[in-house]
Amino acid sequence: MFYHIKELQYKAKPDRPDPVYAKKLQEVLGGQFGEISVALQYFFQGWNVRGDGKYKDLLMDTGAEELAHVEMLATMIARLLDGAPVGDQEIAAKDPVIGAILGGMNPQHAIVSGLGAMPADSVGNRWTASYIIASGNLLADFRANLTAESQGRLQAVRLYESTTDRGVKDMLSWLIARDTMHQNQWYAAIKELEAKENIVVPSTFPKELEKREVSYVLFNYSRGNESAAGRWAQGKSMDGLGEFQYVENPQPFAKKPVLRPAPAYIHDTPPQVLGAMVPPHTK
Amino acid sequence: MFYHIKELQYKAKPDRPDPVYAKKLQEVLGGQFGEISVALQYFFQGWNVRGDGKYKDLLMDTGAEELAHVEMLATMIARLLDGAPVGDQEIAAKDPVIGAILGGMNPQHAIVSGLGAMPADSVGNRWTASYIIASGNLLADFRANLTAESQGRLQAVRLYESTTDRGVKDMLSWLIARDTMHQNQWYAAIKELEAKENIVVPSTFPKELEKREVSYVLFNYSRGNESAAGRWAQGKSMDGLGEFQYVENPQPFAKKPVLRPAPAYIHDTPPQVLGAMVPPHTK
Amino acid sequence: MFYHIKELQYKAKPDRPDPVYAKKLQEVLGGQFGEISVALQYFFQGWNVRGDGKYKDLLMDTGAEELAHVEMLATMIARLLDGAPVGDQEIAAKDPVIGAILGGMNPQHAIVSGLGAMPADSVGNRWTASYIIASGNLLADFRANLTAESQGRLQAVRLYESTTDRGVKDMLSWLIARDTMHQNQWYAAIKELEAKENIVVPSTFPKELEKREVSYVLFNYSRGNESAAGRWAQGKSMDGLGEFQYVENPQPFAKKPVLRPAPAYIHDTPPQVLGAMVPPHTK
Amino acid sequence: MFYHIKELQYKAKPDRPDPVYAKKLQEVLGGQFGEISVALQYFFQGWNVRGDGKYKDLLMDTGAEELAHVEMLATMIARLLDGAPVGDQEIAAKDPVIGAILGGMNPQHAIVSGLGAMPADSVGNRWTASYIIASGNLLADFRANLTAESQGRLQAVRLYESTTDRGVKDMLSWLIARDTMHQNQWYAAIKELEAKENIVVPSTFPKELEKREVSYVLFNYSRGNESAAGRWAQGKSMDGLGEFQYVENPQPFAKKPVLRPAPAYIHDTPPQVLGAMVPPHTK
Amino acid sequence: MFYHIKELQYKAKPDRPDPVYAKKLQEVLGGQFGEISVALQYFFQGWNVRGDGKYKDLLMDTGAEELAHVEMLATMIARLLDGAPVGDQEIAAKDPVIGAILGGMNPQHAIVSGLGAMPADSVGNRWTASYIIASGNLLADFRANLTAESQGRLQAVRLYESTTDRGVKDMLSWLIARDTMHQNQWYAAIKELEAKENIVVPSTFPKELEKREVSYVLFNYSRGNESAAGRWAQGKSMDGLGEFQYVENPQPFAKKPVLRPAPAYIHDTPPQVLGAMVPPHTK
Amino acid sequence: MFYHIKELQYKAKPDRPDPVYAKKLQEVLGGQFGEISVALQYFFQGWNVRGDGKYKDLLMDTGAEELAHVEMLATMIARLLDGAPVGDQEIAAKDPVIGAILGGMNPQHAIVSGLGAMPADSVGNRWTASYIIASGNLLADFRANLTAESQGRLQAVRLYESTTDRGVKDMLSWLIARDTMHQNQWYAAIKELEAKENIVVPSTFPKELEKREVSYVLFNYSRGNESAAGRWAQGKSMDGLGEFQYVENPQPFAKKPVLRPAPAYIHDTPPQVLGAMVPPHTK
């Protein structure tokens, strides 16, 4: 169950409106690695934990915080849109500042949301749950979380670099710090699980059921062998259970497949028209 | 540039057709963590590397292999669909086996693809590039790759558990082994980059620009303090640059925001109707 | 800012697992009118309110409750999936109950989420923010809310009708009652706004700027005049500002449009090929 | 069955081309509340009416009109794109008017549609049937229709405010007037159904099957009690069947849920690793 | 402008309900090549024709017919859903026929649409305008139309093969015949345009601006030369302007690209960490 | 199986960076008819061919080439983004060139991809497999391929017209030439199949099962008879099996449908409320 309080986790007040920046800032609200993504990802992972304890609690703690970040960003975006102009582009073009604003802002901020934030990214794609991950396997999922916090902090930093507004920078410096913590915390949780389970997910699948002869082999399918210079091409494997090998000229392990014709009621191209098994051309 | 050879990387031949399993197997072809996702993710990361060398090469090697896996799965799915029945569900229901097949198979495998694989997941969602990640920051991206291989191997293992067909199991044991390698290789690459850059992405943002007072703090927004028992709540931070702290009753750092009214030309609810600042109810 | 507490708003415990019903129940979690939709819709409307007061508070109250409903449904779905079988459809088909479960459950519940709820609807479409509405105009938005609660309660009732599980019915009877309240509350809020603004949204657009001669006319574009029997075809208009009229044989108010050719650099079909203005065939 | 006539319902001719405005106008053609949405929503509702009579007829009348509006908007957009420039942005930037046009227009209007309208919104999202609603319950659906006409008119008004082109304004003043009618007509139809069915949808679900003790309760999940000041918190409920109550400090009605472990073949995090039931930290 | 008449173009009455078939039939209503796709594709092409005459008229004629087909299919689907059971899968499984129906029908047909058709395909993906094509170049677009009618007729035939209901077959035999006509008509229109413009689209781009040395070359990027046996590998090109050539071992025409580092404010992996230009491994 | 080589098929080097053009060029990389679409379309068609021989080989040849085109475009876009500015729009607006760049570039090129290409179109829609076609019927599919190459070449030509950069034009002149070849090759393959199968897809459905009386009839549903002037309205049908007819005033072949009420457990509007069969209004 959830309680909302009306105070913000941290300040979300720009020095002045900037509708073009409002459009860009949508990325970290409603983009692939925006705050909606992490909030819902952590909640779904938490709800799906089969058992109880510190991991579930950590997920719910962090999910609730990310929802507070959605709120801060929504507030900031509404303020960046304060009094945004609408109007005739051609007339506006005579004043380059107004022209740049009108040309660069997201038209839906005026037409659709009435100067409010939208659940969308910086080019207007609506947020989709296709972005999020919750598998029931926490090591797999915490890796997704570390990824999300890495991509998210990277985007926040890029946004920090592209404004001179001190209010916006102040809020971003908060979000960036929180991403530092969240990267640290998922890192800690991952180390703990890896210590118990080793590094390959899932840890519970019997090793003898996989084709172990290719479990530590790098196949060089991209001509040139720069990749042979990496740690992944030699020495003990990272899980400590094998030895890395490098295969410079990988060959196929199977033959050319030929599929049987479809039944007539499927109405694929009929075999006689398909002209299967045409002898190869000799030139 | 790419060359295709007609042989498969590994065998993709089931013991017998199984159209219901064909539907399930689509998940690792065209789902969020299917082979299309990793193939295109690695290619886009590789094409975007600004520079040259072993990381770019490794990305292209692995992307090319994943495309070969798409091919193996497409071949396997077509064979699982060999001679799939179409027909009248009610009549079929009299033969429970036929009924189960007709009820459980993906109707698009008959109607749309003519007994071929589709670029879609196990419930029919078409593959979307919203699944993939390529940021230009390799540590962030390799974490995404380790995530993808973890989720992908988990799904392949679950699919392995849900069939008794030896041909399918044989192919999956190959794919599972390759996922073991790919988890190991991205793990190795990540360790190498972390050794150079420390663990927080991006490493190049000056620490003094973030709100360092909250860079290592766990806020307990989910009542109950099980999460305090974790490594993330105490001791040196994982990046070695701070000390974890746990805040049991986190309070807001900012005030309740009130937004200014919109200009009249936006036609939001007018301020006088909105009745802002109504004194709170006393009960 | 948000706090989570670990207790549920109401019980979410089925009598027994039922993976097929779990799939159906996803509709009211992650479908067009599922609880994710209303939670995020109310939050975005609340965050975008420009001013303060009871409407904003009501939106945040209700949004927080809907998020608690997502949590209840996620919990219920996980329990309905307890110990769900995976396995070979053809073998399963010999036991009609197992066969029906395997054929009817969502394969992603096993392969993707590991027996957890997903942010998706009953056929597997992932939730999308294209479902939600927040315009900055509260009368327009409260109508969207009343719609959402009407559609949502209808779906919950249909789901209630399709199970005999007392635990599930118990939870649904809670959700249905809450939808009763939410329909009542938005209805009350709408009446209040309509009393201040009259019924046409937005109320702030000057009447003289619209083509008032067609503001209260029903054009009968579907031959046959059953629609003339309605209140909307005669008498005072509902906003009290006009008189309904019925036009049985509506004629166009404008001429046939002919578009000018595109510039050559667009490479549309060239005008001379298009053969524009060919004289009509006489037969 | 449908007949098309080549005349437009109303004029769709701008004073002069304006490719940037063409992009914005797409919102009411192919956006969430654009004319495609209402046309197809009314048609699907009409086709799904089980019975016959005035409601079905009204739906088909209005659907046919909305399709005529799609046609008017498509015509207007093509004309706004007449002779739209393509070209080099950097060169164009020297002429601020050309620069503003090139920077602000939708590049797909040149590259993809060849200066024609697209089935997309003002930021280029393609229209999706996820926008539309047809449930078989007309009261629920007419509320959706009133919502659509409210949001649609609001957007049309905002677009009216952002141009000085008299031809565009003339067409919009027509569409705005028609939205006035359509709000009035759905309002009338809703009143009629509410008079027969009372206000809660669906009206046919027995009241005694819902948890009536919470059917008229407002839970204050957002701290601070401004929402208690509303009509929805006191007095007779709007359906006349209960009394509104306000609960200032709502408590959970259920316990903290703990899920049972998944079967081994699912390969979730194993229970022993999950470390469930860790005793809470005391600080 | 459009008029609707209430009679159907052709009968849409099944012998008996069949909810599982209703799900399948959705494919040709709301799938990639369903009737919504062709109706809106032809309308958008028609509205975008810059000029007037027989092509535009043909597009509007056919679009209006396709909309009548949507209506027929929506009617048929509603009737196939007549009295569809809802209920408990496990209980139903005891009656194999009911079990098969419940397991195989689309749950949204009961929960969402109330036994009505949906704007979705046979697996529940909502229709999207990403399916349709209107470029302003009629030869390009008529090819899209011939494609759509080919794919659509193929799907209708596959659906015809999978039912024994005479009413359904009767309606499908109508739709299949109309697809025969539509393939014939677009074929005729294409021939006419090709006679005027030759076969390569767009015909208006000066030949000397393309790299003519590769305009008629087949590069054999898939090892093995079966493709050399085709007409496309030898003889006069189909446009009559060149000679087909076959290149058995195609080599790259450009060098390996190396991208310049990103500016610091982008925070990609820094060049020194990237370790560009690492000398290749020698083995 | 696939091998990658690091050289490009052809040069992809612009004269100078141009971030706004980079955004536009995304259309032919990740749009509906971009290179991802054709690469994956040809691969899926190839993998689904049931048999072997020249058609399958041709598909794989061309698919592999299209993937090389994705690579060229990704490289070109990264170079067009070299050193792209980020920054404050309002400040930038003082320098019209910088302002135009910032206003016109895709913000995700800076924030999300770190100056790399994205799997998206020119307005930022992520690529989706909803674009592609593989039916198992090669005549149907080759028509889709000819369509894709027609639309794709048209878009490349439009992009060629909108830049003055010689490097970009050089690369586009290569891609345009390859599209010339690909249109020619699919045209040749289509002619070959049509010679064997006649022109109507699928060729294998018995003619006597379709309603032959309407297989060659043009119904004039769009008033005015310009369409009667076409080849499709008179003379021998294109498949040689019938005679085209033109019906100027087409009438319905079926009666007005009335659907039976839904069962009570569906909770549609009850029949008594629906007021079916209301006698029509007489005016």
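All chains are identified by letter, namely A, B, C, D, E and F, in their written order; residue positions are counted from 1 within each chain.
The rule is short, and it goes like this: a residue touches a chain if its C-beta (ideal position, glycine included) is under 8 Å from a C-beta of that chain, and two chains touch if they have at least 3 such contacts.
Chain by chain, the UniProt names read as follows: A, B, C, D, E, F = Manganese catalase family protein.
Small disclaimer: the values here were computed from a predicted structure and weren't measured.
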Touching chain C and chain F alike are A, B, D, E
Rotation angle superposing chain B onto its copy chain E by C-alpha atoms, nearest 5 degrees: 120
Distance from the mean Cα position of chain C to that of chain B, given in whole angstrom: 27
So what's the Cα centroid distance for chain E and chain F, whole Å? 8
Please list all residues of chain B that touch 2 or more other chains. 1-9, 32, 48, 50, 52-55, 57, 60-61, 63-64, 68, 75, 78, 86, 96, 99, 103-104, 110, 112, 114-115, 123-126, 128, 130, 135-137, 139, 154, 157-158, 161-162, 202, 205, 221-222, 224-229, 252, 256, 259-260, 262, 265-268, 278
With chains as vertices joined when they touch, what's the shape: line, ring, star, complete or other? complete
Under the touch definition given earlier, write down the residues of chain C that touch chain B in their complex. 1-6, 48-55, 86-94, 96, 99, 102-104, 106-108, 110-112, 114, 123-126, 135-139, 193, 196-197, 202-205
Inside the complex, what are the residues of chain C that reach chain A? 1-9, 30, 36, 40, 43-44, 47-48, 50, 57, 60-61, 63-64, 67-68, 70-71, 74-75, 78, 112-120, 126-130, 132, 134-137
Chain B residues touching chain C - in the complex, by the definition given at the top: 18, 20-21, 23-24, 27, 31-32, 96-97, 99-101, 103-104, 121-125, 154-155, 158-159, 161-165, 221-224, 252, 256, 258-262, 264, 266-271, 273-278
Using the touch definition up top, name the residues of chain A that touch chain B in the complex. 5-13, 32, 52-58, 60-65, 68, 75, 78-79, 82-83, 86, 110, 114-115, 125, 128, 130-131, 133, 135, 137, 139-140, 143-144, 146-147, 150-151, 153-154, 157, 160, 173-174, 176-178, 180-181, 183-185, 187-189, 191-192, 199-202, 205, 209-222, 224-232, 237-239, 244, 252-257, 259-260, 262-263, 265-268
Within their complex, chain C touches chain F through residues 154, 157-158, 161-162, 224-229, 233, 246, 248, 265-267, 278, 280-281, 283
